[in-house]
Amino acid sequence: MEFLSLENVSKNFGGLVAVDKLNLTVQAGESFGIVGPNGSGKTTLYNLISGVYRPDEGKIYLAGKEITNLPPHARARLGIARTFQIPRPFNSATVLENVAVGAMFGYAGAGVGDAFKIAGQYLELIGIDHKKDEKAMKLTPLEKRLVEIARALAMKPKLLLLDEVMAGMNPGDIDRLITLLKRIKDEENISVIAMVEHLMHAITKFAGRLMVMHRGKKLMEGGTIEVLNTQEVIDVYLGKKMVGITTC
Amino acid sequence: MKRARVLCVVIAMFFLTGLNYGCARQSGVGQQAADKIVIGAPLSLSGKYAKEGQMALWGAEAIRRWINEVNGGIELSGKKLPVEFKYYDDESKKESVQSLVERLITVDKVDFLISPYSSDLALASAPIADSHRKVMITHGAATDRVYQQGYKYITQVYTPGSRYQTGFLDMIKNKDPEAKKAAFIYEDDEFSRSVINGARAYANKQGFEVVFDKTYPSKPTDLSPLIQELKTTKPDLIIGGGHFADGQLLTEQLSSLEVNVKAVSINVAPAIPDYYKALGVKAEGIMCPGQWEMGVKYSPEAAGKAGLEWFGPSQEDFAGLFNAAANQKPSYHAAGAGACLLIYARAVEKAQSLDPDKIREELGKLKMMNFFGTWDIDETGKQTGHNMVVTQWQAGENIVVWPPEAAGAKLFYPLPSWAEKARGTLAKE
Amino acid sequence: MSLKKYYEFLSLLVFYAVLFFLGLAIPGMWQPVSLIMFYVALGQCFNIFLGLTGYVDFGYVAFLAMGAYGMAIAVDLLHRQGLGVFIIFIGLVLAVLMSTLLSLAVGAVALRLRGAYFAIATIGVNEGFRYFIEGARLWGGSEGIIISGPLRQSLGPQTVNYLSTFVADVLVFLIAILAAFVTARIINGKMGYAMMALREDEDAAKVIGVNVTKYKIIAFVISASFAGLLGACAWTLKMTYVFPADVFLITYTIEAIAIVMLGGAGTLLGPAAGGLIYGILKYYLAIKLPGLQLLILAPLLIIIIVIFPEGVVGTIKKRGAWRPWNS
Amino acid sequence: MFDQLAGNLLFGIVLGAVYGLATMGLSLIFGVLKIVNVGHGQFIMIGAYTAFWMFTLYKISPLGSLFIAFIIGLAVGLIIFYTIIKRLTGAPELTTLLATFATGIFIEELAKFFWGPDYRGYNWDLGRVDLGFTLLSYSKIYALLLSIAIAFLIYLWFQKTKLGMAIRAVVEDRQGAMVCGIDVQKVYALSFALGIALTVTSGVLVTLFVPVGINPYMGHEYTLKAFVIAVLGGLFSPWGAFYAGFIFGLLENGSYTVLSSIPGVEPFSLTRTVTFLVLLLILLIKPDGLLGGKNK
């Protein structure tokens, strides 16, 4: 059964069209990948799903219920959790508290006591429980990202949006993280959308289905391996490299 | 946890140290309180009443010196006791006033209080003074309302606000019965309203016609909207003002918009030399209701004529003592504060007691004249004996022009036009 | 655990108690103590909003003013009804009512704005309202309301003196304690974490499910209604008058901010420490150096803030683990 | 009636120009350092006293005092920055607010300590022009023209000079500026000093409009108004602030004519209510202020 679906959703800033009449459906418990070059509208898409932006047109459904105009916090309550490309933990709070807050206000909606228990569990799973009393601001970028994943998981989401979570990890960590995410997703029946710019091998290991975005449009959707082997995608990625040089 | 505990201890220590100091002072003063008479006052040495406060301080100090050095102290049960004047700075803030008044009463063991300047601060200190049964003479709390609150121990040395401008109206009526159109332009605050309410009622009674009657909020930067409207009503007289800054602004803008009238009387601001220093010739001929002014003729002889007893220095002596402390001319704020000490001194000598109730009773009976004027209060503590004077800036001198018996010079009337003033015409024959 | 959570609050109680009995024990100490307590309470009340949400409300004093007027109006209207001391309770109720209503109105409108824009908008409310009262001659206009007379007629001088020189101060103590308790409750509960989240990163807070608007308004209204109580007790009841020029004075807001920052925003002990330091400095300098105290006070404040950039308590805590909710 | 309106609007413009200039400094400091200077008005007071002393002691006309005030402002600004503000970079934003509050008090009390609580003023009467509907004194005309001129000079300085651009860069994007190798600390120091200097200078112009009532506590009113104007102008842009000054001045004076037709009220007080209401409305419609908000 389809859990998340977008019906020709568009968002433009001034003249620039960030997301253009996009249709997308993600099944319950599915792990779905989005790839696309920098500026292809991936992050905007995430903001639309998590409610940071409202779409200019189109509708968004979660488990058959329309959420197009719900504020972010309401969507979080319905089970949407996300991470940010640049992690945004609550700096002056400790790691444990960061994760606990997720458990309190997310789908889990736990009380303070339980929230800290849940937080402890996920920190252990992610494997940074040794840092649990550190303040978030003292962590390395990588650790911050892990904390954010833990925070997102502690919300006990039904739909998890991962934004470049694996960037900058060594292959070993990536594999560990992927297996871990897969396990949690299966245990708790979460639909996971992971988006990456490159790191194709990671996405192949992780996602069953894949969508390639380009200039806010869906370039192609289908089985991960097939999609990645089509000529267009390769072109886009060659193109992307150049884009990559010119921008930033 | 530990940190929290430590912190608490630290805080407590901090407070205790401050406290020991408090105790030390208290006992110290306690022992001496018998062989001198302590009069205390919270004065506004900073904040919006800093100017008045400073003047009052110098005035009180001058009179303290007179009592101790010239009069040899206050005579109580055969002994001449020196006066000590104890004061703190209340920053013109009501919170400070209350704690300072209580300190004066309980720690410094003052026998009598002089109120802080202004009606609001006096009101703030009233409950404390009243609950400790301390007599308090107010200077500056000119609003009649203060004395309608039923405080037993609070009395007033100033003429109440309602009578500030009546003298001016009398004078004009007497000088020029044709001048009928009066315009009121004044600060929208408690004091100025009490003044203008009095003036309005009196003006109507005396057959003046009020052609303009509007206020401006406190601390204005531009009065031109009001003044332009006022100008269209073509008044003969302008009555207004509020405090120092706005009074100066009012005069300045009356001149820059060339509003020419026969007479202008502004509250408070023109009473101090600052006014003329700031405005120069523009100040010429501007009048001001004063509680007192150098040159006003209050003397033993005048007292004799009025059948009142005289106590205290002549105004020249006062001005001398004041000048020694401040090296400038005293304003009525200074004189008023000084007068409070004289009145206490006299009341003690007559009552031969320091008991608040006896003194309050004596203050009620007391009818006397001093350099500041007459003292005579009604049962509510409101001043009825003291009279206002009207002063006018003539050739750089602020001279009393009304009432006739107190006048030091003739009224210059009508005002020279602003253009004439700009050419240097002075308001003097 | 749960008592441990409230350790700070309990130590705060001890501190208040010490202050209270010092005030009673030593002649001449009561008013100074109540002066200090006014600043402490002001800090405690303001901290609920400023400290916990990180939003600055420059117009905060308007809520004290509302409270002050609430009490004054109640007395002014009802002193002839022979209600006795009960009139004070009505006054308190009206005070809370008026300040809460204003805060709801302001909150609904202004809390959409962020940072400095919110701060200045609240100044607009404060000043605009003040000059409306003066301009429209509302509630006595600039002449305000003097309640000592009416009160003394209906309750008798002794009672009123007692009310305004003792009871009012005790009420201020109670307000401070209550405000501190509410603060402790909030930061120990779920709400505290929500506010931590929105203080740290409003957008991140949203996407993890924190209804930031809701929590902002809650903090705003609670803080405002406490301000109303404080205004009613520490101003109208204690000073026995209300003049608009004096109750809408923006300086009080800035003093409140100063106190909270001096102690440490968002901490429970912060406002107490800040208020204590500020009050004591003010009082003893005023006694030692009348006329010069502010000249000394200002540099002292600067030195303190340079040594403790996050407030005395805040900085001390920061040097250790930072857990306002359970140390 | 019409004459009055015309007159009020005219004075509104003059006043607005002065307000505008008096606010530019505040906006600049806020835009660059993110510091709300609650001691703003006290620097206007310094400027007013500069004009007064220069005139009474050395017979220097206010026009001359402008430069002196500017220099004094720079010096004071640098001193305050390096003694206080610099030490507080990195501390919570509100901490600096407390610091500026204390600094303000300190300046006020110093002024009272040295110059006394007196209400000063000077008498620089250049006569006035009769515009038919009202009279406008030349000193006010000077105030108007000089404010505009100074604002324009500052504008040019920001557009043309390297330092000016550096400051703008920092306002736009701190990190970016650092990356481009701008010495941010230096920019901070400079902007703070410049902001204060502008404010002190505007103090002189204030006395051109109101040459009397100069006293240590005169600043507070201007602080409040400056805050409001700064927000109207969108906080981050000095020019926005300058234009907003006019709007504020026009509102304050212009609304009087309308309000004075309402019976039973005090129109002058209500003009202030109107001004602040308009501020609220503007903020609700454009939450980033009327002008220049885009910099945010």
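As written, the chain order gives the labels A, B, C and D, with residue 1 at the start of each chain.
Going forward, a contact is a pair of C-beta atoms (placed from the backbone, for glycine too) under 8 Å apart; a residue touches a chain by one contact, two chains touch by 3 or more.
In this text, all values refer to a predicted model and were calculated from it rather than measured experimentally.
Enquirer: Using the touch rule from the top, work out which pair, B-D or A-C, shares more C-beta pairs.
Expert: B-D
Enquirer: With centres defined as the mean of C-alpha atoms, identify the chain lying farthest from chain A.
Expert: B
Enquirer: Compute the distance, rounded to whole Å, between the mean C-alpha positions of chain B and chain D.
Expert: Going by mean C-alpha positions, chain B sits 35 Å from chain D.
Enquirer: Quick one: chain A and chain C, Cα centre-to-centre, how many Å?
Expert: 44
Enquirer: Would you kindly tell me how far, in whole Å, the mean C-alpha position of chain D lies from that of chain C?
Expert: Each chain reduced to its C-alpha mean, chain C and chain D end up 31 Å apart.
Enquirer: Could you give the separation in Å between the centres of chain A and chain D, each centre being the mean of its C-alpha atoms?
Expert: 48
Enquirer: At least two partner chains per residue is the criterion; list those residues in chain D.
Expert: Within chain D, residues 109, 220, 266-269, 272 contact more than one other chain.
Enquirer: Give me the residue numbers in chain B that touch at least two other chains, ranges are fine.
Expert: Residues 45-46, 188, 215, 217 of chain B touch two or more partner chains.
Enquirer: Which chain C residues sit where two or more other chains touch them?
Expert: Within chain C, the residues that touch at least two other chains are 131, 134-135, 141-142, 294.
Enquirer: For this structure, give each pair of chains that are touching.
Expert: All chain pairs meeting the touch criterion are A-C, B-C, B-D, C-D.
Enquirer: Inside the complex, what are the residues of chain B that reach chain C?
Expert: Within the complex, chain B contacts chain C at residues 1, 3-5, 7-8, 11-12, 14-16, 18-19, 21-23, 26, 43, 45-46, 87-91, 94-96, 98-103, 105-107, 120, 123-124, 126-128, 130-131, 145, 148-152, 188-190, 193-194, 215, 217-218.
Enquirer: In the complex formed with chain D, which residues of chain C make contact?
Expert: 50, 56, 58, 109-110, 112-114, 116-117, 119-121, 123-125, 127-129, 131-132, 134-137, 141-142, 250-251, 254, 257-258, 260-262, 265, 292, 294-295, 297-299, 301-302, 305-306, 309-311
Enquirer: Would you tell me which residues of chain B are touching chain D in their complex?
Expert: The contact residues of chain B facing chain D are 45-48, 50-51, 53-54, 188, 214-217, 219-222, 224-226, 228-229, 232, 244-246, 248-249, 251-252, 256-258, 269, 272, 274-275, 277-282, 422.
Enquirer: Which of the residues in chain A end up touching chain C in this complex?
Expert: Touch residues, chain A against chain C: 50-52, 71-74, 76-77, 81-82, 84, 88-94, 97, 100-102, 104-107, 109, 111-112, 115, 133, 135, 151-152, 155.
Enquirer: What part of chain D is in contact with chain C in the complex they form?
Expert: Interface residues on the chain D side: 30, 36, 38, 84, 87-88, 90-92, 94-95, 97-99, 101-103, 105-106, 108-110, 113, 220, 224, 227-228, 230-231, 235, 259, 264-270, 272-273, 275-277, 279-280, 283-284, 287-289.
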